[in-house]
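Each chain carries a letter (A, B, C and D) given by its place in the written order, and its residues are counted from 1.
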Amino acid sequence: MLGRLPREVIAMRVARELKDGDVVNLGLGIPSLCSQYVPEGRTVFYHSESGVLNYGPMAEEGEEDDDLINASGQFLQPIAGMSFFHSADAFAMIRGGHIDVTVLGALQVSERGDLSNWMLPSRGIGNVGGAMDLAAGAKRVIVAMEHIGRNGDPKIVSECTFPLTGPRCVSLIVTDIAVISVEKEGLVLRETAPGWEPRDIQNETEPQLILADDIKEIAL
Amino acid sequence: MEKLYASFDEAVSDIFDGAVVMVSGFGGTGGTAQKLLLALRNHGAKDLTIVSNTAGLASLLGFGTLPGHTAIDVGTLIDNDQVIKVIASYPVSPSPSKINSFESYFRKGKMELELVPQGTLVERIRAGGAGIPAFFTPTGVGTQLSEGKETREFDGKQHILEHALKSDFALVKGYKADTLGNLTYKGTSQNFGAVMVRSTGISIVEVDQVVNIGEIDPHLVHTPALFVDRIVTL
Amino acid sequence: MLGRLPREVIAMRVARELKDGDVVNLGLGIPSLCSQYVPEGRTVFYHSESGVLNYGPMAEEGEEDDDLINASGQFLQPIAGMSFFHSADAFAMIRGGHIDVTVLGALQVSERGDLSNWMLPSRGIGNVGGAMDLAAGAKRVIVAMEHIGRNGDPKIVSECTFPLTGPRCVSLIVTDIAVISVEKEGLVLRETAPGWEPRDIQNETEPQLILADDIKEIAL
Amino acid sequence: MEKLYASFDEAVSDIFDGAVVMVSGFGGTGGTAQKLLLALRNHGAKDLTIVSNTAGLASLLGFGTLPGHTAIDVGTLIDNDQVIKVIASYPVSPSPSKINSFESYFRKGKMELELVPQGTLVERIRAGGAGIPAFFTPTGVGTQLSEGKETREFDGKQHILEHALKSDFALVKGYKADTLGNLTYKGTSQNFGAVMVRSTGISIVEVDQVVNIGEIDPHLVHTPALFVDRIVTL
């Protein structure tokens, strides 16, 4: 059986997409790991819906401050150059196009870049939080996720069957087996995990993938 | 003119049955007016509509709560059967296996929910305080949360019309207030509170510290005094 | 010839309308004088569109600071308990109904409380500034002005002929000869300057005045 | 990533003919980026559309200008024939007997004016930076400034639809900046600048002082660094 990349490696690959000076909002799960792997020499500013720009790493045990949290309720370390603001300003930044990149988890991504990540229909109720604002407002939406669900169902689908977070918003999908970009003509397979052939990836993907001319192995 | 109240109980004593109450905080204990919420629970006003980012995460899951601490949040009012409707962006537990009181009530059909994207929620509150009755936003277009809403294209992109949100009372946690009502917040705890004080009939603010007039740098005031009606501290 | 009240006395009469704790925005001219005459024991907070709440008196010569001005470009003294904010917040306060009283000058006020105060049609161009926001947003609009224009024309008119600042917004008119409230049924003459009979005031007023049951002499 | 520019001239050197340029300040010298305006005059870009509260009061009348000082403001660009349109709330001199350059040009038919109520002007700028393409406001209803605008009733009151305003560049005066771009303003000089930095392609900020990262209290930052593209100081 072919090996799948661990979550940390997915995060490392995503981190390569972040450019010097980018303002970045990281979602829960795999996306939250990206901050640890930003290539040296690049400074990235993290934004959180909780009302802070340019925060530090997670707080150490015993150093937690409940007035310094991220959008997941985790405690942050203060760093020099931070700023604080209220939620109307935090979301004006998002909706107004001031966030260069957001990295989000997903339940499903469609062929057109539609994103579903806020509600499992089986539960009948869900948390939308800031996901729809990020999907609609960030300049670039990158999805970081496992390629298939726990039940083996493809998460990259022709049409999202779960409630949408936003239509046509995703531009890049980084999974444990592939890097796929969303283009006008469809989904383009750009990179594969070591040992994986395009047809193996196609087998775990519902819509037809377009093969890039220069498919590479995922590099970090 | 006197804004300083002697007790939390007194500060919430006129919250009436059926009132719309905004509750500050992102979901954790920081920025949540825990003593005012406790006073409102003891006061007992019923049939409340709560506007809040969550519907009780700290009291159940310890979201944004210091290790070893117990939290009072909107869940405290829901547990006490005081709430009939919640307007929120993050109403339930992220884990379907550990559900909060809100979700139990909701499943029994005993609770109404208006689910609103977080940025739309706070922008609607901001609009309520700024005399803007409605605005167009791109957030939520093409999703089930925009169903039935007016849609219009601007610059080639679809937007939906969203309406201002106001309330009868707001329970807000600040850090420092002077006796005029000038207010500062700490760290990430401005969040919803600093906006809610602007769009409510009566704002009630719980602070860590009340200082004399002139002790807060006028450049550092996050909430100018005119938005603050009542101040209470331990 | 009957005596007219000086500008200072008009301002004194208006100042009696300000209640303890009121947030007040004062326009140019006679309105700007009101702050000197607030009855003792009442604290009033002054708001200016320039981005300050609770400012002090005009700055003394030699003490001017161009980072501390009111909406007329006059230099203010700092006082304890001030706060500063940007213009979007300054006008959110006005439009959002957080200003209890605004006192404005006027070119014309109509029978229905329509206000014209921003443009002389003869000039063909004018400054609207914050006047329309104040007319639309303040909880109470008081006009302080001379009863008639320099050319003798009535300024209280059946219909404004100058461009409107806002329709049906004025609730009280204080002039150099009368205090008149704007009611559903029309303009009600409440107070007269010493020596002035209601008919004298009617002579200088275009629409028919309704006489209050208890017309008083203007008291300070 | 480097935001600190060596000279005012360099900071404005890419402002192109026909650009829309927002200019901070209430009308006086406080909050007006006088050195950037001078640099833009020397740079000479033509056919500019200026968004500004006034169209030149300080340079003509000494509005908000310290006694004995001369002021550089939007009038400086108009005098130099660089401006074809002004979007403002207070474009002309309050005195018809002492008219400003803007009014002379306007009377000659050489200048376009979009007159906007001050609160609507700044709310349109705020909307431009907040992703809100349009909003309803009560300001201006029933006046000549609402002619031709869409009207709608909310809560029994008429409102008009107003649209977001953006620009290519904003010339803004701040007080203190750190090298990341975190910014504070002094006194009443936040006014339009603190909003314009949010709704422009490139924000160029003139400050009195540049300090090291960490020297500005994060609670005191009026403009978070992401809104600031270029910083320049003497």
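The rule we apply is simple: a residue touches a chain if its C-beta (ideal position, glycine included) is under 8 Å from a C-beta of that chain, and two chains touch if they have at least 3 such contacts.
These numbers come from a predicted model, not from an experiment.
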Exercise for the section: Moving only to chains each one touches, count the minimum steps from chain A until you reach chain C. Expected result: 2
Exercise for the section: Work out the mean Cα position per chain and let me know which chain is farthest from chain A. Expected result: C
Problem - Separation of mean Cα positions, chain D and chain A [Å, integer] - result: 36
Problem - Between chain B and chain D, centroid-to-centroid distance (C-alpha), Å - result: 34
Exercise for the section: Measure off the straight-line distance from the CA centroid of chain A to the CA centroid of chain B, and report it in whole Å. Expected result: 28
Completion exercise
By the touch definition above, chain B meets two or more other chains at residues 123, 126, 130-132, 137-139, 185-187, 218-219, 222
Problem - Where chain A touches two or more other chains at once, by residue number - result: 52, 84-85, 91-92, 94-95, 136-137
Practice task
Please categorise the chain-chain contact pattern as a line, ring, star, complete graph or other.
Solution key: other
Fill in the blank from the handout: All chain pairs satisfying the touch rule are A-B, A-D, B-C, B-D, C-D
Exercise for the section: Provide the residue numbers of chain D that touch chain C in the complex, in ascending order. Expected result: 26-31, 53, 57, 63-67, 89-92, 94, 96, 103, 106, 113, 115-120, 122-123, 125-126, 137-145, 175, 185-195, 222
Handout entry: Complex contact set, residues of chain B against chain D
Key = 123, 127, 130-139, 152, 154-155, 157, 159, 163, 184-187, 217-220, 222
Completion exercise
In the complex, the residues of chain D that touch chain A are 1, 126, 128-132, 178, 180, 182, 198-199, 213-214, 218-219, 221, 224-227
Problem - Residues of chain A touching chain B in the complex - result: 28, 48-52, 61, 64-69, 71, 73-76, 84-88, 90-92, 94-95, 120, 123, 125-133, 136-137, 163-167
Problem - Residue ranges of chain A touching chain D (in the complex, touch as defined) - result: 20-21, 23, 43, 45, 47, 52-54, 78, 80-85, 89, 91-98, 136-137
